[in-house]
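The structures considered in this document are given below.
Same chain, two partners: chain A is paired with chain B first, then with chain C.
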Partner chain A sequence: MAHRNGLKPVERALRIAAALLSSQYAYMLEYRAEIALWALSGVLPLIMLAVWQGSAGAAAAGLNPQGLGRYFLAAFVVRQFSVVWLIHVFEEDALQGKLSPQLLQPLQPLWRYLAAHVAEQATRVPFVALMLAAVLVLKPGLLWLPSAGQLLLGIVAIQAAFVLRFLLQTLVAMLCFWSERAAALDRLLLIPYLFLSGLVAPLESFPPAVRRLAECTPFPAMVSFPAKLLAGESVDVAGGFLNLALWCAVLFPLSRLLWQAGVRRYSAMGA
Partner chain B sequence: MSQPIVHAEGLSKSFRVADKQPGLAGTMRHLLRRSYREVEAVRDLRFAIQPGEIVGFLGPNGAGKTTTLKMLSGLIHPSAGRVEVAGCLPQRRQERFLQQITLVMGNRQQLIWDLPPLDSLRVNAAVYGIDPTEAKRRIHELAEMLELGEELQRPVRKLSLGQRMKAELLAALLHQPSVLFLDEPTLGLDVNAQARVRDFLADYNRRTGATVLLTSHYMGDITALCERVLLIHQGRLFHDGSLDALTSRLAPCREVRLELRQVHPREAFEGFGTIEVHQGHQVRLVIPREQLTQQVGLLLSRFEVVDLEVSDPPIEELIGGLFRQQG
Partner chain C sequence: MAQRLRRYGRTLLSFWATSLEAELEYQLNLVIELLAVLGNLAGSLFVLVLLAGPSGQLGGWSWNSALVVLGIYTLLDGFTSCVLQPNLSKIVSHVQNGTLDFVLLKPIDSQFWLSTRSFSPWGLPGVIAGLALIGWALVHNGEALSAGGMALAVALLVAGGLILYSLWFLLAGLSIWFVKVWNATEVLRYTLVAGRYPISAYPPALRLVFTLVLPVAFLTTVPAEALLGRASAAWALGSLAAAAISLVGTRLFWQFALRHYTSASS
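Moving on to the complex of A and B:
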């Protein structure tokens, strides 16, 4: 069906996406220095790389030092391009009423936040490239060139991991409609994310029971799977993507339900 | 008469607010056993607005004006009653409804702070499904009416308050809404900027036939734009009619200023009305409306009058007086 102004839905959606992404990219460029600092603050996998390479733990866990190095480097890239900060901006917007003008436009407000995240990722690219180059100058042995297929699958997996993280944080962000300090809950989620995603240590190094527990959560799909894929490790590609898709399929309707209930409450409380 | 474009019937809104006593004891009690009370922000409002009308919405702070505007625009759900705007139930926020309305709040902004307004306008055009060529034409037309030029290419943060409000209006009107809800659109603007916004709104209404419901603390906005006002106090509708009718209702007396050729003693004016000022050649009297013609005739026959002016007390004073009386 054509829109009131004569545009087809797909054409309109593409125009909205282009306008949102270009304006958000321009906005993020205004904050490039801050984004560079954020990128710098995401060096945890590189620190873990240094820690693990200096210990006998890697060998004990049956990991090859070069593979371990590549894994952490890939985890660094995954982390950089799947950062989600929705909760912090959404909490401010909901509490200060900045959400109201967005609710009066014929566009689900979460699309704006999603576009802002994607634009922020694009702004990060040169900073991450510089940081990677610096690591590879210091440790040339870690350099590897993934095949075109690996790279493509890796990028898709990173973006899927980002969507999963975005959906998970959407659930938490929706709690802003009920609590004034929902961001605190996100800090609570940071602990399982750090440990169970494979960011601090590869899942292979975990005791079997902990590993099984981790695999029952969405966290390994957020770092471990895309990082292994990018690093060229043997990984169940179809299983990994299916896992990502399943988690997204669970979280998407939940976030929709919470959004609807939350907006009803926001409207009841005074918007 | 055509179908009203805005129709409120028994519209009410109450909020549950936490009741907390000050001090440590109050904090502990609140922690262990929270108590709440219902605050009725709006009670049983009934009014209808015809297409093309410009209606002023008056009332002191906390009277329920913004709450009503938010209910009319679909931002908050009524606790009771029914509201219909442009044939839609606002709280459903259907696309058909959102395409027809706009809400401008003087203390809120929709423009992206660090980017020029044109970037936000481009997003708005896409969101409302406006063709880029048509969007360009509308931006040009509205910018001309608002006297905006290169300001549209400067980051919003670098604009003056007046320029920013004009850009906000442009963004809010790009989709050509037929119903405008304006909450303090001239808030904080200087006298010149206020006048320009008023002129623009009058012009926009003339050109497009849009319906406007406007709240403002500046009576100048209301007197310049609105033939009809809704006066709301403590959540209830106090008056629905013309400003003149409101003045007559609130001011049963009129003010008569006299400039006399000769000085007369104060006692000479007793019996004409209440003497407000008696200072040399200047006299100011307050006379009940029903006696006005007779008393002015007597004054003219008894004294040598150089100048005479009959006026209503300023509407701000009348409304302020009403609110003070009713607490």
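Moving on to the complex of A and C:
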């Protein structure tokens, strides 16, 4: 079947990816005003930076102002490009039956959502650049240029963190097949993400026991690791990527299983 | 006038009774909201411990007084989930779908209807947790509050709530012109997070922003100072004036907006 139209599987996948990405990008461009506002709502790391810089806790944890500035600015960028909103659209699509036509297509519907997220990230680029420029005009001291290697590794790590977050949210989104308000569960998932990922406080400032506990969860890999890479702090690069890969390897088969079980239950709207 | 007030009071009661009935269909939500409030509170306390460090101070505020600020933030966040979010976030879809027409035809003030039609009980855990935290911190702070001080603190809290309402209403009402700004209130919610900490914890330039542009200072810091018995007359007056101005402002804004409302094109 895959050889239909005389296309090799790789060629077919590339074609589908190109079509999905370009159509979703065009769609996202329509919503630039909204996306600009979403980008603006990601200011939390910058607010936290302002509090941390004047706090007694930073000095006690041995964090210098310059390092803090770089870390939170990097965390801001990481957060901007690893936003996942799958569950909110998926809930609506599942409840209103919009998922049904997608199930008829010879393509796993989740790919479409993934492409939408990637396209949204591309739409965000100018807004994030503008916000960074504003920060640097106000605080020129924060400026630093990561080396090409750091930048490349940082971007790969951000994308890996994004995939991990996407997989984790897919797990919760699959509960939409069983419950009408699965999106409420995402609120719970957001709490450990907020406090254990390093988004509001660098992991160095945690008490050792809490830090070890946090590092047993997937959350530090989602913000702390990519942010440190970008900020040029010394991190265990191989260990960090291995950690990300392992978590993805755990979550991917789980989400597949839940998808299969869920679709069997799915009866469009009115069930 | 008294009759009019009674009519609005009765309407409000039946609005909220019907919303409660509808919302109680989803009882699992209560468990989720309880967990979310407790988790958020634990996380905020943890970060506050980290920020205060061994000195136990943040921006010149002692640990217990910083807790009062966090308590007020939690309280206002609960208020947002109870009343502001379920009502004002719907204005956009009313504009988009043209159902605002039906609201305008009702024999009741449209701003009142849009601001109070729904009540979500899922914000109540936040309200209760906020009140508990404020009470706990005040008892441990050890300074008795006079009756006059208490009245001032309550007045400033109400003023903070009104300022918050006005900000939400203003942003949500902008959808009359720009339908696409439906998530502007989300931006507001995420930037108001700054109110978790006393205003003096921020660098001077940001303090100015958080007082004049985004009045976070009036929402949490000023009522907290009154609760701690160290309200300054200038800040208290400023807060009450800001509340009065913003309330009158929303009224004028809504009248102006309605004159520009042309219903949804079909």
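By our rule, the second predicted complex is superposed on the first by the 264 of 271 C-alpha atoms of A that agree within 3 Å, B and C clash if a C-alpha of one lies under 4 Å from a C-alpha of the other, contacts with A are read in each partner's own complex, and residues count from 1 in each chain.
The rule is short, and it goes like this: a residue touches a chain if its C-beta (ideal position, glycine included) is under 8 Å from a C-beta of that chain, and two chains touch if they have at least 3 such contacts.
Keep in mind it's a predicted model, so treat the numbers as computed, not measured.
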Partner chain in contact with A:21 - chain B first, chain C second, else both or neither: neither
Partner chain in contact with A:248 - chain B first, chain C second, else both or neither: neither
Touched partner set for A:206, first chain B, second chain C, both or neither: second
Chain B versus chain C as contact partner of A:44, first or second or both or neither: second
Partner chain(s) touched by A:156 [first = chain B, second = chain C, both, neither]: neither
Where chain A meets both chain C and chain B, residue numbers: 31
Of all residues in chain B, those that touch chain A in their complex: 15, 67, 70, 73-77, 91, 93, 95-96, 98-99, 101-103, 105, 108-110, 112, 114-115, 119-120, 122-132, 134
List of chain A residues in touch with chain C within their complex: 31, 33-34, 37-38, 40-44, 47, 50-61, 138, 179-181, 184-185, 187-188, 191-192, 194-195, 200-201, 205-206, 210
Residues of chain C that touch chain A when the two form their complex: 26, 28-29, 32-33, 35-36, 39-40, 43, 46-47, 49-55, 57-59, 178, 180-184, 186-187, 189-191, 193-194, 197, 201-203, 205-206
Residue ranges of chain A touching chain B (in the complex, touch as defined): 3-7, 12, 15-16, 18-20, 22-23, 26-27, 30-31, 97-98, 100-107, 264, 267-271
